[in-house]
Amino acid sequence: MDRPTPPPSTLATKPTKVYFFGTCLVDLFFPDAGMAGMELLQAQGLEVVFPQGQSCCGQPAYNSGYRDDALKVARAQLDLFPGDLPIVVPSGSCAGMMKKHWPHLFHGEADEAKAVQVSSRVWELTQFLVQVLNVQLTDKGEPVRITWHASCHAQREMGVVEEPKALLRQLANVELVELKREKECCGFGGTFAVRHPEISAAMVGDKLADIEQTGAKRVVSGDCGCLMNINGALEAGRKPVQGQHIAQFLKERIHG
Amino acid sequence: MSDARAAILGTLRRTRDAHPLTPPPSDFTPLAEKQWPPEERLPRIRRLMEAVHTEFLEATEADWPAVVTDFLTREGASTLLYAPETIDGAKLSANTHSPSPPRGEGRGEGDVASSLTLIPYDRPIEDFKQQMFEGIDAGLTGTLGAIADTGSLILWPSAQEPRLLSLVPHIHVALLRADALYDSFWQAMRDGRWADGMPTNALLISGPSKTADIEQTLAYGVHGPKRLVVVIVR
Amino acid sequence: MADHAAQAVNFAAASKAALQDSELRGNFRRAMDGLMTKRAVQFADGQEWHRMRALAASVRLRALSKLPELLEQLETNLTRNGIQVHWAATTAEANAITLEIMRKANATLAVKGKSMVTEEMHLNAFLEDHDIEVLESDLGEYIVQLDGTMPSHIIMPAIHLNTKQIAHLFKQKIKDAASTGEDAAALTDLARRILRQKFMKAGVGMSGVNAAVAETGTLCLIENEGNGRMCTTVPPVHIAFMGLEKVVERLEDVPPIISLLPRSATGQPITTYVNMISSPRKEGEKDGPREIHVVILDNGRSSVYADPELRDTLRCIRCGACMNHCPVYTKVGGHAYQAPYPGPIGKILVPQMEGLAKRGEMPHACTMCNACVEICPVKIPIVEIMGRLRVEAVRPSATVKDAGAQASRTEALVWKGWAAMNSSPLAYRLATTALSAVGNAAPASLPLLKDWTSVRSKPRFAAKTLHDLARKKGIPDV
């Protein structure tokens, strides 16, 4: 049967405290993006809790066919979020795993109810900033032209399409030029990138061409898997464009 | 092969019963809501069909035979295959100066007023297959009406008006009564109670034969008619 | 695993070759971009799209919920209408049935409309081995038959070729092609002249089935060219091939499918012809086949049906939109899959039909981007099924043919180690601290890194993890 992503839980009142789930890629490769995400939330007057016991949502094993291993890792996260608070994730893909796939992964397990409860509190960062906090940003940065790379899972598992672009459009000195093929995958796909390196290379090659034709100095994205792929290719190809996580970009802009 | 039948149905039944499936209800309202005011139906049909190269002629019950034969003569057609046993077919032959050829003959004779010869489809295809494929320029059929949603003609070929009339001749001329218009295929099917008894063959035709198999380039007249001419009869 | 390796289909090698063919890549990119745009125009009204696909999905699910009963009802009504029904568990049985019908009809030439089921059967090769000529009459199929290859797309079989290439092919293979123009119209006209002779002479016409209506015993076929009508009307015998999932309950269930299929496939509101056949030629009728046979093929579908999750594969109405929207398919084209069904639907259907020993790589040829899921007109959870098949590939079970064929001890150990590291906060901290400290010293020549760095720089571990930074900043842990 269809397994649509459950709609975001509507919060009766604006919360004063949230959990932050950093994700393993951010932890190891993009910690500044994680810090920026938490700072954006704090700047809105929220108390942010970062449970130190967290590691990974389990997606790599889940998508590779090793569901038992994925379950073990996902299960290790469940007790980290005991309060009935939103869990904010700076990645559409990991948020999608937790929100859409955990209920399926835990189906029939003793802790299914707990997993579903935790899952129902998950928000993607920009979705939370726009839908719940309705943030208003003041741009203090120099004029710059950027483009936006939408991650597949943010779009299609979390339904987050307009939120990040709405945030970027709040920035007075930022010119957002959209990609011609914004909806097209960059070719990361987790283990796909190393399982089918040539196809992945062709895909990221097309993505780079699309980014370049916008004339943007920066490509901003909400997912570190895509960023690792796009940035790695930009760097290897000695392109004058740089990829950056949206949390970090927003933080820089509002601090000037 | 009844072994295969029993094995297949047995597996399907056993596994379905082990894991029954409850389908969501079928809500046909998105089809039921496909409606257009009566005066918009014909223009819409015309627009959709013209977009795929269908041609339209206007006529009345009195003059459509002349409109059809004049058009075909002008377009250089020399043979028109028609259904003599239908009311329309009888009317066509009665109102056309070109007498039908005798049974079994290839061509009509004595076409004094025009160069168009009427050929009746009055025998099984096996008796004139070669002529059908190589010697017919146009075919005339009636229709049961047309569909506004998609711009489609409805045809139910019959013993009197056979299937190949609308397929093999290079030009298919179809008579459409201006009052026989439906909103959608679904509506036509329900109003006409099709499920109570389907004909040997029922067709929707929405333009001349076409293909885009060569590099997405539309080309008309690949296997079926190269031209579809709809005569709106008021 | 080793004994399976020999027969495994090598998608990686074929896709590598395809990627190097810049003409091929250009042909696919142009075509798929055009198709996606045209489809989007058809579904500009998002509300209508959502409601129509919910309706179409419900029609398909209702049919699957009563599949055995509907097949029996279909058989009863087809038979009552004078149509002969044959059941085939395997493609070999279906081929044998076909040969017998052809022999009884004394037919040595068959013309065929588009039928993907006959591609599963490799019917053309089989009949040719028995001295029967089968001519593909769909223009795209005709082109690939002339070329001696297979369709690269289920709706547009020759989409991998451009006009120039097709003109060249015609000149090589067709006698009177030399004097023909090289544009699509001239090439189409040449094919028309050649194939009309064949329609006239063929003893048997073959077709697929888009939907078979149990309630009335009706076969529905949609097409643009008229070759389908030719094949089902001119020759004295018509054989229709259908996968057993093609049945729908009621006649009323056909319009939703007819509405969504062409709009999804090629962005046209409807195909030129919707051809509904309910009986052979009746007494007094002047044309139409005197015999109609329907071959209902299983070929693994009943096993697909057995699993409640995998069953959704059978909702498919074969519109091919998933191919048009697949970023992997767009890059490598249809032939790289070496399967009758390429692209997303192929990646979930073919491994279930042919087994995971031969087709274990197919479910991995996917980034799980969900572009196909977003546009599927019958809401098949393609990516969920893809994930499930990845599980089946490494876990022996009775569910899918050759389940467990891709199991690798090394890979399983790697994931065990990964799970151990990520499920213990202490192990995780030790491991990530170590990676931050020395991870960047890993040489780019390491097996997986080597693949990564073929077009990318090495990923750089940050000096401090987010855990470290959060702790240092005093961000509370609870």
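Couple of notes before you dig in:
Letters A, B and C mark the chains in the order given here, with residues in each chain numbered from 1 onward.
Note that contacts are C-beta pairs under 8 Å (C-beta built on N, C-alpha and C of every residue); 3 or more make two chains touch, one makes a residue touch a chain.
As the structure is a prediction and not an experimental result, all values here were calculated from the model.
Hopping across touching chains, the smallest step count from chain A to chain C is 1. Which two chains touch most often is answered by the contact tally, and the pair is B-C. The chain with its C-alpha centre at the largest distance from the centre of chain A is B. Centres computed as Cα averages put chain B at a distance of 31 Å from chain C. Remark: chain A and chain B have CA centroids separated by 55 Å (rounded to whole angstrom). Of all residues in chain C, those touching 2 or more other chains are 57, listed in ascending order. By the touch rule above, chain A contacts chain C in their complex via residues 1-3, 20, 22, 24, 26-32, 34-35, 38, 47-53, 55-56, 58, 60-70, 72-73, 75-76, 82, 104, 152-153, 156-157, 183-185, 187-206, 228-229, 231-233, 235-237. Chain C makes touch with chain B in their complex at residues 27, 30-31, 34-35, 48, 51-52, 54-55, 57-59, 61-62, 64-65, 67-68, 71-72, 86-89, 93, 97, 137-140, 143, 156-159, 161-163, 166, 183-185, 187-189, 191-192, 195-197, 199-200, 215-218, 224-227, 229-230, 233-234, 244, 250-256, 258-259, 266, 268-282, 284-288, 296, 298, 302-303, 305-308, 311. Across the complex, chain C is touched by residues 1-5, 7-9, 11-13, 15-16, 18-31, 48, 52, 121-125, 129-130, 133, 149-152, 158-159, 162-164, 167, 184-186, 189-190, 194-195, 198-219, 221-225 of chain B.
The part of chain C that touches chain A in the complex is made up of residues 12, 15-16, 19, 25, 57, 312, 327-328, 331-332, 364-371, 373-374, 379, 381, 384, 387, 390-395, 412, 415-416, 418-419, 421-425, 428, 432, 435-436, 439, 448, 451-462, 464-471, 473, 475-478.
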